[in-house]
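Okay, here's the structure, questions in a sec.
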Amino acid sequence: MVWILLTLVFLLLRVAPGDPITAALGGQLPPAELARRRHAGGYDRPIIVQYGDYLKQVLSGNLGKTQQGESVTHVVLVNGSATLELSIFALLFALAVGVPIGLRCGRRRDGVFDTFGRLFGIVTYAAPVFFLGLLFQLLFTKRLGWLPPSGQVSATLQAEISDGPHLLFFEALFKGDTNALSDVVKHLIMPAVTLGLLVTGVVIRLVRVNVIQTLKGDYVEAARARGIPERRVVMRHAFHNALVPIITVMGLQAALLLSGSVLTEETFNWPGIGNRLIQYLQNRDYLAVQGIISVFAIVVVVISLLIDIANAILDPRVRY
Amino acid sequence: MTGVELVEGGVPAPHPDVLECDELRVWYGTPRGPVRAVDGVSFSIGRGESLGLVGESGCGKSTLGRGIVGLLPAGTGVDGEVRFEGRNLVGLTQSELRELRGPGIGLIFQEPMTRLNPLMRISHHFAETIRAHEPSAGKKEIRTRSLEALRGMGIPPTRFEQYPHEFSGGMRQRIMIALVLVLKPALVIADEPTTALDVLVEAQILEILADLRRNFDTALLLITHNLGIIAEACDRVAVMYAGRIAEIGEARTVFVEPAHPYTQALLASTISLRTTELRFIPGAPPDLSDPPPGCRFHPRCEHAMQQCRRNEPIDMATTAGRVACWLHGPDIGQSAADREPLQREEIASADEA
Amino acid sequence: MVANAGAVEQVVGAPRGGGVLRRTLGPIRDARGLPKVLLWVGGLLFLVFVIFAIFAPLVAPYGFDQTESGNKQFPKYGHPSGSHWFGTNVTNHDVLSIVIYGARTALEVVVLAVLFSIIIGVVLGLISGYYGGWLDRILVLIMDALFAFPYLLLAIVVAFLLAGKVGGGVMTAALSITVVYVPQYFRVVRNSVLSAKQESYVEAARALGARPRTIMGRYLFGNVIQSVPVIATLNAADALLTLAGLGFLGYGIQPGDAAEWGYELSRAVTDAGAGIWWTGLFPGLAIVLLVVGLTLVGEGLNDILNPVLRRRFGRLVVMPARPRSQEVAGDLGAGQ
């Protein structure tokens, strides 16, 4: 699977722009210089050879260098950790809000709560991340002045952070540095909630449909016939059994989260990998783009694997 | 122990009837109007007695079983009385009914393959069931009782921690029965317990059910479309058609001297080694949202009279029990014209209903 | 003994194409209560935007790239006022007109994209599911890979590659979005075909010598087409968001070609810093309302058509009083 994705990435980025050098600097350099650089970068070799090289490099962790000379791997680690932090909290928010709402909707189908819950889920999914972000910024920064509009930490604290991958929230937590912690949290709230709301919509819909479906199960009726309290029937029989399909689909939403984070980072100027990707695309730094998207592909596959493992744990039938 | 009556001397005497249905009606609400699945059913079951409820598919017998314990979709209309050990169940709240389900009335379902939670071990099923009604039961006690119930069904203790998918259909049904019996209910309602199983397993299950009375003094309501099963396992039989009871009485007598034309037709259509030709009942069971007027069986009955189309038959006593059919009287009130046979073409047109 | 292909007509049990419409409209008419309300509200919202799209020149007060009217220049960042209900933006354009014309762009792109996706996805799904073998395996692999990829990145990459090549931002955007959604239709159709292939009527048709094209067209298609309306509506909603995302990041439609809500929002981000809210609020609301409308229609359809979610019972039954009292000759005591 990884192989397919990587091949896809390679092909996509070679097909139209040609090789990275020409695409980036095509109109800007004299042809002789172009040819020289292409040769230096090995882009005039047969495509198959380049492809082999690419695979070898990715597998050994070498993702090349950006136009500025930074190691792409380094960029991925540093900015990737920022994106990771954002994604974790967005996901936590989505689960904390979405699961109870979805559960309640599934239980009392077509009731008042169900209607509003569903509507809430639909609207939060429909509102583009950047629109919500905009509204939040208008409200909380402009009107109320409570929260900073962008960035991951204030400039003063930024200076104190060393180079390299960081999960700032957890670091501040463990160090017990309340000052830093509050700063990080203030910067984290809006982006995390914005992205989280997007996923919340999906979670609500997912949980609701799957709980409705499991509640129709024969074993649920049988449990009720044994006099099992309704609460336990819903949690242990319906919801627990719905987790398998829910988690599977949630795993597929990893792609959604990545896409959404690109937009969120752009809106809040969050120093994540999505932000960088947009920059590189604009600068036509295809090598960097290739490197980052390759990483995305690998991440998606890894998450798939984790989902499979989780399913095996939850469902004993899968193991045999 | 609900509905216990005090007798002189302060010694509580258990109510003579475990279950008494009085004009029970269960109507489902659908977009096209109510479906009268159960439309005026009355019968009783004594302590330790077994009653078989037989009828074609769609006659309402499953609804009856579920209706007794209140396992019906929201909005379903229920009317009449269902007295369990003297206490009327109609109108009780779901949580009151929940307390009765299990230790009072147990329900055995048709498809054992899907009735156990595939993600839960058998031991958890038992623990959950027992704790739901006896929260103070200890782990050891739960285990002992569960294993004992399973042993009675022929399931070895070594398989106690396994998952449902590791058992065959027949074994799962036996596990279901054990789950029901572990709470020692006074009444067990078995809804087509052997329909989904092969004949050999069916025989085992029937023996277990027949033993219920002997070993546990449990009353049994056995719902099925198979007459043979009832002959094997039941004291009395009730024949149900289109939401009503056509005939009810002692099983042996009803099978030898069926009073209702429907019962006669059912018996005639069963196949045995002596069968030389296939006999069937013409027509199809009626649409329960719009049943035929008068006696519901009249469109398919070869003895139908004018009377049958106009008025619902009155229950009359028979040697076995009682029957609802105009053929059996009462003589008062029926004119000669009423007793005229229904014309064939009238029956034919009713056939298409 | 050579079977006549016409004999295939007689195979019993197969769903017919015409029945699909009946099967779809029937339950919709029967539905009551909330699902129907949702359906109507969504439909209404959708209709409003369709009107905007089709009649844009008539409804909008100005052109989307108009900067003056009758010798008077439009203000820059003009507040919402009588002559500009939604105000003006940084390039002196009327926001209301942008919103209305944006509906046209949005629907053009989305309709094209969904149409392409359906055609390509359904055809490929049918072929892949029916023929199986190595073709199927390759297609599945490719589709799975496309499906797993973050949709926005995929769209961006494709938009990039197509930039300027297919002429017109609308086509570029439409094709980029098509690539993202083809796998979904492919999957659903392929699954339908695989399960329908097992059905006896297909086996019977084959035994009678029907050509693959006939089988696919007459039998499998009808079966498969049932799930498409719901997916298509929900897809359209998604596609709109993808388009907006593309526009926000600056890919797809170029500002001169057509009005696009996402693009407007990208400029509104900087406006927010200065406290200018109307350049972002209105285009954003347009996106939300149209997507919500489409989603409501899709979810409403799903509620009604999907057998898993459909409610068979649930109407409250009011029972009339007992019709008669029993006159029983004989005792009904215990043990009878």
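Per-chain residue numbering starts at 1, and chain names A, B and C are given in the order in which the chains are listed.
The rule is simple: a contact is a pair of C-beta atoms (placed from the backbone, for glycine too) under 8 Å apart; a residue touches a chain by one contact, two chains touch by 3 or more.
Fair warning: this is a prediction, and the values are worked out from it, not measured in the lab.
Student: Using the touch rule stated at the top, which two chains are linked by the largest number of C-beta contacts?
Tutor: The chain pair with the largest number of C-beta contacts is A-C.
Student: Which chain would you call central, comparing Cα centres to the global Cα centre?
Tutor: Of the chains present, the most centrally placed is C.
Student: How big is the gap, in whole Å, between where the Cα atoms of chain A centre and where those of chain B centre?
Tutor: Measuring from centre to centre gives 56 Å for this pair.
Student: Need the CA-centroid distance for the pair chain B / chain C, whole Å please.
Tutor: Going by mean C-alpha positions, chain B sits 48 Å from chain C.
Student: Compute the distance, rounded to whole Å, between the mean C-alpha positions of chain A and chain C.
Tutor: Roughly 24 Å separates the two chain centres.
Student: Could you please specify the touching residues of chain B with respect to chain C in the complex?
Tutor: 16-17, 23, 25, 27-31, 34, 40, 42, 44, 46, 49, 73-77, 79-80, 248-249, 312, 314-318, 321-322, 329-330
Student: In their shared complex, at which residues does chain C touch chain A?
Tutor: Listed in rising order, the residues are 33-35, 141-142, 144-153, 156-158, 160-162, 165, 237, 241, 244-245, 248-250, 262, 265-266, 268-269, 272-273, 275, 277, 280-281, 284, 287-288, 291-292, 295-296, 299, 308-309, 311.
Student: Show which residues of chain A lie in contact with chain C when the two form their complex.
Tutor: On the chain A side, the touching residues are 1, 4-5, 8, 12-13, 15-17, 110, 115, 118, 122-123, 125-128, 130-131, 133-135, 137-138, 141-142, 149, 209, 212-213, 216, 252, 255-256, 258-259, 262-263, 266-267, 277-278, 281-282, 293, 296-297, 300-301, 304.
Student: Can you tell me which positions in chain B touch chain A when the two form their complex?
Tutor: For chain B paired with chain A, touching residues are 69, 71, 94, 98-103, 106-107, 109, 111, 114-120, 128-129, 132-133, 163, 165, 176, 179-180, 183.
Student: So in the complex, which bits of chain C are touching chain B?
Tutor: 30, 32, 312-319, 322-324, 326-332, 334-336
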